[in-house]
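We call the chains A, B, C and D, going by the order they appear; numbering starts again at 1 in every chain.
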Amino acid sequence: MSQTAASGVRPIKYAMVGGGQGAFIGAVHRAAARLDGRWELVAGAFSSTPERSRASGAELGLDASRCYGTWQEMLTGERALPEGTRAEAVVIVTPNHTHYSIAKGCLQHGFHVICDKPLVATVEEAQRLVEAAEKSGLVFAVTYNYTGYPMIRKARELVHTGAIGPVRKVFVEYHQGWLATDLEAAGQKQASWRSDPAKSGGGGSIGDIGTHAENLLSFVTGLEITSLAAELTSFVPGRRVDDDATIMLRMTKGARAVITVSQICVGERNNLTLRVHGETGSLFWQQERPEELTVCKLSGERLILSRGDDHGPIAAAATRLPSGHPEGFLEAFGNLYRGAAEAVLARKAGTPAAAESPAALVPGARDGLRGVQFVDACLRSADANAGWVSLDGE
Amino acid sequence: MSQTAASGVRPIKYAMVGGGQGAFIGAVHRAAARLDGRWELVAGAFSSTPERSRASGAELGLDASRCYGTWQEMLTGERALPEGTRAEAVVIVTPNHTHYSIAKGCLQHGFHVICDKPLVATVEEAQRLVEAAEKSGLVFAVTYNYTGYPMIRKARELVHTGAIGPVRKVFVEYHQGWLATDLEAAGQKQASWRSDPAKSGGGGSIGDIGTHAENLLSFVTGLEITSLAAELTSFVPGRRVDDDATIMLRMTKGARAVITVSQICVGERNNLTLRVHGETGSLFWQQERPEELTVCKLSGERLILSRGDDHGPIAAAATRLPSGHPEGFLEAFGNLYRGAAEAVLARKAGTPAAAESPAALVPGARDGLRGVQFVDACLRSADANAGWVSLDGE
Amino acid sequence: MSQTAASGVRPIKYAMVGGGQGAFIGAVHRAAARLDGRWELVAGAFSSTPERSRASGAELGLDASRCYGTWQEMLTGERALPEGTRAEAVVIVTPNHTHYSIAKGCLQHGFHVICDKPLVATVEEAQRLVEAAEKSGLVFAVTYNYTGYPMIRKARELVHTGAIGPVRKVFVEYHQGWLATDLEAAGQKQASWRSDPAKSGGGGSIGDIGTHAENLLSFVTGLEITSLAAELTSFVPGRRVDDDATIMLRMTKGARAVITVSQICVGERNNLTLRVHGETGSLFWQQERPEELTVCKLSGERLILSRGDDHGPIAAAATRLPSGHPEGFLEAFGNLYRGAAEAVLARKAGTPAAAESPAALVPGARDGLRGVQFVDACLRSADANAGWVSLDGE
Amino acid sequence: MSQTAASGVRPIKYAMVGGGQGAFIGAVHRAAARLDGRWELVAGAFSSTPERSRASGAELGLDASRCYGTWQEMLTGERALPEGTRAEAVVIVTPNHTHYSIAKGCLQHGFHVICDKPLVATVEEAQRLVEAAEKSGLVFAVTYNYTGYPMIRKARELVHTGAIGPVRKVFVEYHQGWLATDLEAAGQKQASWRSDPAKSGGGGSIGDIGTHAENLLSFVTGLEITSLAAELTSFVPGRRVDDDATIMLRMTKGARAVITVSQICVGERNNLTLRVHGETGSLFWQQERPEELTVCKLSGERLILSRGDDHGPIAAAATRLPSGHPEGFLEAFGNLYRGAAEAVLARKAGTPAAAESPAALVPGARDGLRGVQFVDACLRSADANAGWVSLDGE
C-alpha cells in the first residue's frame, strides 16, 4: 500500500449534492474519496428537504450547520466560510436532469466539480458546460469510474504504444439483468428515475450504462466515433425508455465497433466486457474479473497479465495491493478521486499534469459531452430505423 | 459408451465427393462417420483429376475401381453396382459453388445426400434443391455440426419447454483470427477459395461461419428471422469478401438478436458463443468449452450443467462418455452422422422419426436454404448501408 | 453501501505499533480501518527509532507528540491523555517474535488489541496471552483476514446448518511463488524477517501462510484438529526455514483434511483455496476470485453463488457493494475491523455480541493459540519424520 | 485431420478379452482403436459365458466363430487361423485380478498385449510380467490413457527440455464423487468389483485412480519415486477398500510431490489435475479442460498454450483437429492405440521407435509394475500409520 502515501498533504475539503440516506452511488463516492485519505467531506445538500439533508449529514458525522436544504444555499453558505474551512470542491450525485444547473452553479461560485455520469440531459447543456468548465480554470471530473481500473489503464497504454497494432474491431458489452422485470412499477427508487425519460435524459439503458461502454471504448482506443447505427428496444411492457440496445459504430482510422447494452439479461450482474482487436494483437478484459488483462498475439500466444505485477508506472500508480490480493470496484473508483485530488493540487500549484499522470487520466467535461452526444445519436438513429447518423448531428 | 450401439446393424455404404489429400473437412467427415461404426466409405471422387482421386482413395484403403475422376462418373458407376455393394449415400465436401449440381445429381440418381454448409451459392439454387429433396423422398442432411453438441440440444430443449420463458434477446458470436493476415495472398488453400466471391457465394465470413451462427440461433430458439440490418467489413487490404460482420436481427414474437462474426480477431480460435436471454432465465454456452451449459434464473441462481449427467433422453442420445471425460468437436459432428444413419434406416423402414430423435434433429435442406437467405439478406442490407431488409427479400 | 452507515457513531481511536514507512501490512491495516469510518488513527510507535517513527507519523498526518519511539512510551503516553483524546485500542503489526510483549503490555494498560498473525512465537506465550486476554475483559482480535470474506462466512454458515452434510474431507491450499528465489539474500525486507527462525517463530511458510490455511479450515468447518503428520521442506538453498509444507490432518467426527502450503510455486500469487466435501454436498472457494462460492450437490447440480446476491444476513453484513461490483481483499480485511469496532462498542455497552454478529466472527486469542499450536505440531511431526502428533502436544 | 493418415496400411487385427455388453471401458477401447482406422476387431472372449460372449460379438458385427467362451479358447482358436486372418494382438479389459494369467497366456502364444490398468494385483505378478514381456519381443502396452493428451506430452517435453528448470514440487490430484454413497451395496457393477479387495488388488481409489495420478507424475517429470507416506481412508460405511487417499512423496533429485485421490468428493466428476513447479517456471493442466496448458515464468508471465497451435512435433503427432475444435478423452485414448499400432509395425519391421515417437510414448509393462508398487507402498505405509516406506519395499 506504499503508493497510497497520503503523505502529509492535507485532505481536500468537499461538499456533496445528493447522496442522502438510501442512495447507493453517494455512499460509493464517499468511500472512494475516503480510500486514500485525500478528501474530507465537510458539507452537503443531501436531500431535497432540509430535515432529511440534516439527518443524512448527522449520520455522516457532519455538523448541522454544514447540512443544507438546497445546493444553492450550500454554495452560498460554503463560500461565506473562511478558506481552510470551506469546501473547495463539490461532488454531484443527483439524478441526471439536475446536473446541469448544479454544475454550472458550482463553477460560477468557484468550486471544483466532480460530477456523476451521464453529464447532463442534452447536447446543448453539455456543450455549454464544457465551455464554462474550460473558462473557469477549475477541475471538472466526470466519474466514468471504470477507467480507474489499473488493467484498463494498462490496456489503454498497450493500444497507444502500438502493442497490438492499429485497432480494427472493438466489442464492448455492458449487460445487466436487474431491470428484467418491471421494478419501476414496484416503486424501486433506482429503477424509477432511470426509467423516467424526463429525469434520465431520454435514454434508458443507453444513458445509464451505454455511456460507460462508449467511454471505455473511447478511453482505451483513443479513436473518435464518426457515425453509428442503433437499435433500441424496451422489452418490459410499460417501460418508457430502452432497456436494451445494440449499436454499430464507425470510428476514425477505419476501425469498427459494436456496443451491446442491456438491463434485461437475466443472470448478468454488471458484466462490462471489452475486447480490442488490432492488426497484430488483441486485448480482453472483464469488469467482474478486473485483475486480469489477456493479451493475444498473432503468433497464437495468449498471455494473462495480473494487476499488481510489474506493468509500468501507469498501472502501478493505480494500484494499492500486491497481485493476488484482489482489488475491485472501490479501488478503481478511488483512482478517479486520487486523480482528481492531484488535479486540484496541480491547479493550485500552477503545474499542469503530466500526460499519463492519474490527474490527466480522469475523464473531464469533454468526455461527458461525448457521452451525451452518443446517447443523442443513438436516439436519432433508432428513430431513423437504424440509419447511420453522425455523432455530432451534422 | 453403451449408447454407441453399433448393434449388429450393417454400416451404411457411402461415397464422398471432394475431401482428397490435404483437404481438412473431408477427413473430419470421415472420422465423424466412422465414430459409431454406422457408415462405411466405399467410393469417392476425391479430386478433380482421376490420378489424384485414386491416390486419395488408395490412402483410404479403397479399391481403385471405386475411385472416380468426376462425381458424374461416380454416380453412374456406383449406380451400376449391385445393391449391397454400391454406395447408398453421398457426402459432398467440395467448395460451395459446386454443391448445387452435385447434390441435384445425387438426388436424381437416388442417393441420400449429406452436404457441407453453406448449402449453395444462391437463394434460387437453394429453393430448387429444397424442392428436389422433398420430392425425392431421400435423406438430405446439411452438416451444421454445432447442433450436434449435447448441451446445445439441451439448450434447445430448455427453450422449447419454457425453462427460461419467452426469448427476448439472443447474442451469437463466432470469432476467429486465422484470416487476420492476407493468407490467401500466400496461397493458403482454405483461405483461397473462401475469399473468392465466385466460389464462396458472395459472402466471406458471413457465409463461412455466419451461417453456423444463424443456424445455432434458429435451432435453439425455434424463432424465425423476420428482418435484419448488417454491416460487412473487409479489414485485410486486398481481400475481396467480408472478413467481419455485425448483424442486428428482428425475430418472431418480438425477440431480438445480434450476430457478430469475424475472422480477423487475433487470438480467437473458433469462438462460437451463444447467449439466450428469456423473460425468466438465461442460457450460456461456448463451443470451446462445450461440456458445460450455464442456466441462470431470475432468482439470481447460476447453475452449471455438465454434459454426461442426467439431462434427459435428448442429451443422452447425443452422449458417449460419462461426465468429466471430455467429448468434443468430433463427437458432435458424429451425432449428425448418427442422426443421418437413423434417418436413412427410418426411410427404408417407412417409419418417420420421432420429433426429438437424433434423426429429426439433423438439419436439412430447409435449414440450408435459410442459411443462404441469411447471407443474401446480409449482402443486401450492407449494400443498402445497413438498412433493415427482410430475410426472404420480399 | 448502505451497510457502511457508520451512522453518527464516533470513530474509535487507535494507535499502531509497527507499520512505518515501507511496511506493507501496516498500510493495509490502516486502509481497512478507514474503510467504514469507524476507526481513527491517533498515535503510533511506527519504527524502532523515534525519528523514523515521527517521520512515518507525519506522513499519516499525526501530531508529532503522538508519534512515539517505543511501544512502552506509547502506552504510557496515551494512557496519560484524557479519555476522548487517547487511543483506546492498539494495532500490532510488528514481526511475530515481538507480539507477545507488546500485546501483554497493551492488555495490562487497558487497551483493546488487534494483533496480526501468527499470534506469537511459542505455544507457552500463546497460552499466557489467552489467559491474559480473557481476564482483561478487553477485545482481543487476531487478523486472520481471510475469514472476513463474505463468501467464506457464507461457506461457514452452509456447513454449520448442514447444507452439505457432515464434513468428510477438506482441502486447503495456500500457494505463493514470491520466495522461489533467495530473496532474503538480496536483502528484501519482507523475506528477511520471515525467513529468520528467531523472528518468525520457527516456522517459515507454515507460520506465515500455513496458519491462515489452518484458520480457514477451523473457521469454516467448526471441527477440531486432533492430530497431524507434516513434511516441511526448504527448497531454496541456504534458506533456514521451510518454504513448502504438506500436512495431513485428522479432525473430530472422523473428518480428514490436507493442507498444502508453499512459497516457491512460481506463477502462484496468493492462491488460497478451500474445498470442503461433505456427505451430501461440497463447497469450493478461491481467494483470488473471492466473489464466488460454488456449491455442489449429490444430484450433480453445481451452483455458483455470487457475493452481493441475497445470501442471508451473515453475508449481507459483510457486504458493501451489489453483486457484479467486485469487492476484494481490502473489504474482507475491513470486515474484521468492522467486527472489532462492534465488539469494542458491545463491551462498552455491556452487551454480548450475538452468535453470528460481525463481532462474534472476528478471530480471537484462542484462534491465535490454535495457530501457534498448529505450527508447533508441524515442526514436531516433521522432526519425527512425518509421524502423527497431536495438536496440543500431549 | 491430415495426421490421421492411416495411409494405405492395413489395420492390425485384434481380439478383446472382457468388454461385453454393459461394460464401459471395453467400448472405450474399441472406439479409441477405431478412431484412426489402424485397428480392426476380429475376435473376442467378451464374457464369462459363451452365450453372452457371442451375443456381445454379434452386436459388434463379429462372426460367431470368432466369439469365444474363454480367453484360453480364444488364444488357441486364433492361433490356429492363418496369418492375415487371425488376431495379432489382444486387448485385456477384464477386472484387475485376472490380468496376470491372461496377459501371460497372450505373451506365451505370441500375441501383442494391450492391457488396462492397474496392471495386476501383486508386485510379484507385475515383476514376472515385465520379465515375460521383455523376453517375448512383443509389444506390451498399458493403457494409462491420460498420457495420450497432447498437452500432457507437451508438458513432459517442457520439463525434459528444462523449460521450467529442475522440478521442485508436484501436485497431482484425482478427485471423483461417484462413490460418495454406497453404490456397491446397490449392486452397481463398476462399483462392485472395484470395491472388492479380492478383485481390485487391495487398493480401492488408490488402485483405480491413484495409479493414473502416479503415472502422470512419473511420465511428465521423468523422476523416480524413492519413498512415500500415505493415509488411506474409507469414508462410506461398510466399504472394504479406501475411497480416499493422501500420499506425500519424495522423488529423485530432491523433488517432492503430493498426490490426493478421492472418490467421495461430491461434485467432482473426473478431476485429474497436474501442477509441476520447477525452479524457474511452472506448468498447470486439468483433464476436464485438456486443451490448455498453462506455463508460468519467474517473471510473473502466465501463458496459455492451446492444443492445436504450433507446439512442435510431439504435440502435433497427438493432434487431429485445429485449435478451437475441442478434442477430448477419446482422442487421447486413441493416441495410445495409435502409438501401439506404430510399435507393432516397428517390431515387424525391426526398426526401433524414435525416442519421442508415439510408439515410444506408450506406457509399457515397467510403467505397469511401478503402478502396482505404488499401490503396494501406499498400503504398507498406511498400515504403518503413515510412516515413510520405499517404493520397492526394500
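FYI, a residue touches a chain if its C-beta (ideal position, glycine included) is under 8 Å from a C-beta of that chain, and two chains touch if they have at least 3 such contacts.
Since the structure is predicted, the reported quantities are computational estimates derived from the model, not experimental observations.
Undergrad: Which chain has its C-alpha centre farthest away from the C-alpha centre of chain B?
TA: Greatest centre separation from chain B goes to chain C.
Undergrad: Taking shared residue numbers divided by all residue numbers at the interface, is the value for chain C and chain D over half (same) or under half (different)?
TA: The interface of chain C with chain D is built from mostly shared positions.
Undergrad: Using the average of all C-alpha atoms in each chain as its centre, how far is it in Å between chain A and chain D?
TA: Between these chains, centre-to-centre, one finds 56 Å.
Undergrad: When the C-alpha atoms of chain C and chain D are each averaged to a single point, how far apart are the two points in Å?
TA: For chain C versus chain D, the centre distance works out to 44 Å.
Undergrad: Approximately how many whole Å separate the CA-defined centres of chain B and chain D?
TA: 35
Undergrad: Two or more other chains in contact with one residue: find those residues in chain D.
TA: Expected reply: 268, 300, 302, 306, 323.
Undergrad: Per the contact definition, I'd like the list of chain B residues that touch chain A in the complex.
TA: 164, 168-169, 171, 173, 177, 180-181, 229, 231, 233, 235, 244, 246, 248, 254, 256, 258, 260, 262, 264-268, 275, 277-282, 284, 294, 296-298, 300, 302, 385-388
Undergrad: Tell me, which parts of chain D touch chain B in their complex?
TA: On the chain D side, the touching residues are 1-2, 4-8, 10, 22, 24, 27-28, 30-31, 34-35, 37, 58-61, 176, 268-271, 287-291, 306, 308, 320-331.
Undergrad: In their shared complex, at which residues does chain D touch chain A?
TA: Those in contact with chain A are residues 300-304, 306, 309-310, 323.
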